[in-house]
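Same chain, two partners: chain A is paired with chain B first, then with chain C.
So, the complex of A and B:
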């Protein structure tokens, strides 16, 4: 189905011309007003972003991509391959160690954001989605340990079932059910973690990277935007967006 | 033993259950403690180490 242009045939304009009421046009206008392209894909950052503590978010995403790629190979080849061949062992280990790095980077990212109170400036939803991503990642890692198809996973599942039964969810989530756990780990939870991660990154783009506490301008001061490409030192400054105003 | 695992095995023998440290109610394996200490060290270094400047020196 296609939209009918307004009677004038003129395209919609932000200056007051006829605007389409199609849901696609309204969605586009809402998206562009909240997240214009220069905020979605910026080429400049405030000076305070030039610090190693700001790289751990993207390191977490990089590790997550390695986890997804190696997990995809494991899913297509199966335990008969990754338990018996050298390349299978290597791929299995790549999946395991990229998960370890994923959590190391994520926890350091969490520590950094906690100590700079990253929920300031109307960023509470960014902080919340980060926390949700951490919890979903824990569930994904747990189900991953359950489907190793070795004695380790057998031990973990039979130790965990008592705890899960004790809190009343054993009837819905049976950790000794390999098929159920495999589908949850390979199909459901990666999607959940991925969607929350995209949501989290979009929120970071919309609200901007949180500034250091001392960079918040005093009341009434005029914020100054400084491109990272030309200002990687000196007094920290903030943009009007970073200040949460 | 495959030749690829010889160098690692010669440094640390991992073919045994982990050692545990216990203080009262707290019990933690040595590998887990080492990973936590390593993460704290990386965090401190990330805060303290200067970030490389642009190629133009600005």
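So, the complex of A and C:
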């Protein structure tokens, strides 16, 4: 049976109507209730979000994007291109250094979150996805080193096979199989890291940035919407009093 | 709000002061900064790319080592020949207590070093008459006889400390001719191509080349010269002066401990270090993921107040 819909516009799904039970409507409601637009893309943060340590999360994502971009060029040209082309070598160098930066930023971010005990306030899943992202990144980097098709990759595959064989992984993942490793590195693992990263960021947006330890909100303060003062005057800091509490 | 939520102030909606935070601008600036920094580093320092070793290079510059390794492949005394799963059934592989996954999963990438590294490559090319005759003799002999010949020469080379000029005479059968034939073939560059194609048109599996290359001391010596050995933090080193996989420092750390690095050939932990260290790292990785639930560890940030530095502005404002 086909319902007749208005020809134009995008009407709200009436609450309690048959459309409100549609999977699409349910998914939208669930999404908006957990992550309303002002949480998903906020234009303000609690005043305590004022430290350089907060920069390293976004720097990690930025480095990941540069890794992806340089890796995409290398994927189009094949694993041996950079040995014989100066442009190829430069592209490989950007991939190499963006990976180094990615890990530097990620490790600083991780340590920062540890010292902030950032899992407090039901944020343990945010921590766990961050840890998963780190481990998946290790696997991605490892497979990247294996597909360099140079002396380094010869040695790394020769050495690494023993650890993986010893625990049975070598039966399914052969470090000396360039075809297998290349596909895993270029197709599977970036997707895994990307999906976990998106999940992690959505959790950060949903739960908010962890407050300082022993933080005591001002007496009588209540959860607030975006303060008008921020939206109109553009003042950098708005007190709870100004926000109506 | 549930009672549990209310009991955890860190879970409550923040009701204190706020500040403007342009998250999109921050993201765009971060991408530009990282991209520029990456390009600068790439332009200034480039990246490591030491050429891959070849069998031609090995047989040309370390002829005796290549010859001796070939003999060890025929004798079944090389590392590959005695490796076990997933390459062959020569041993059970490493284990930790009752955990023997290397044995359980069995042979999934079969490698027969004598046949795959020596006999098949020799058969794939037209050989000088002497080598062709030696091949015929070898193939006509029983497995026992083949082993006797190859082991006799292997022992003689070991006795001469690898110096072929000091190897005495003995009943080596066709083995010296086969080993010399493969050495000549490798020095000409033909073996690289033969091992790569292995009778097929398409090929992306380098297992046999890597295993054969690792059986000699050529690859090992090159790794030592490049400071890549596992017992000298080589796991996190890179060729040249470039930064390596520094993120593997903890994995590499275990290999530096004498317990995993003993010279005693019967030491259990040293012999099974690859398995034991993998499990240690697996447990530590799970610990990292579940850190919020681990007593004591999760309290460390409270005891060592680095958070006071991170949120110094906030704590200062609380005092005033």
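Keep this in mind: the second predicted complex is superposed on the first by the 193 of 245 C-alpha atoms of A that agree within 3 Å, B and C clash if a C-alpha of one lies under 4 Å from a C-alpha of the other, contacts with A are read in each partner's own complex, and residues count from 1 in each chain.
FYI, contacts are C-beta pairs under 8 Å (C-beta built on N, C-alpha and C of every residue); 3 or more make two chains touch, one makes a residue touch a chain.
Predicted model only: the values in this text are computed from it and were never measured.
Using the contact criterion defined above for the overlaid structures, shared-chain residue A:66 touches chain C, although it does not reach chain B. Partner contacting the larger number of chain A residues, of chain B and chain C: C.
Shared-chain residue A:112: touches chain B and chain C both.
Once chain A of one complex is fitted onto chain A of the other, the partner contacts of A:213 are limited to chain C, with no touch recorded for chain B. By the touch criterion stated above, A:98 is placed in contact with chain C alone, chain B being left untouched.
In the three-chain superposition model, chain A touches both chain B and chain C at residues 50-51, 53, 55, 100, 107, 112, 230.
Against chain B, the residues of chain A that register as touching in their complex are 50-53, 55-56, 86, 100, 104, 107-108, 111-112, 229-233. Those residues of chain B that touch chain A in the complex are listed here as 2, 35, 38-39, 42-43, 45-47, 49, 51, 53-54, 58. Listing the residues of chain A that touch chain C in their complex gives 41-51, 53, 55, 58-59, 61-63, 65-66, 70, 82-83, 89-90, 92-98, 100-101, 103, 107, 112, 114-117, 119-124, 127-128, 131-132, 134-135, 138, 141-142, 145, 148-155, 157-159, 161-168, 170-172, 174, 176-180, 182, 207-208, 210-213, 215-218, 221-224, 227, 230, 234-240, 243, 245. Partner chain A is touched in their complex by these residues of chain C: 5, 8-24, 26-27, 30-31, 33-35, 37-39, 41-43, 45-53, 85-86, 93-94, 101-102, 104-106, 108-109, 204-207, 209-211, 213-214, 219, 222-223, 226, 228, 230, 234-235, 238-239, 242-243, 245-248, 272, 274-275, 277-279, 285, 288-293, 298, 301-302, 304, 306-307, 310-311, 313-315, 317-318.
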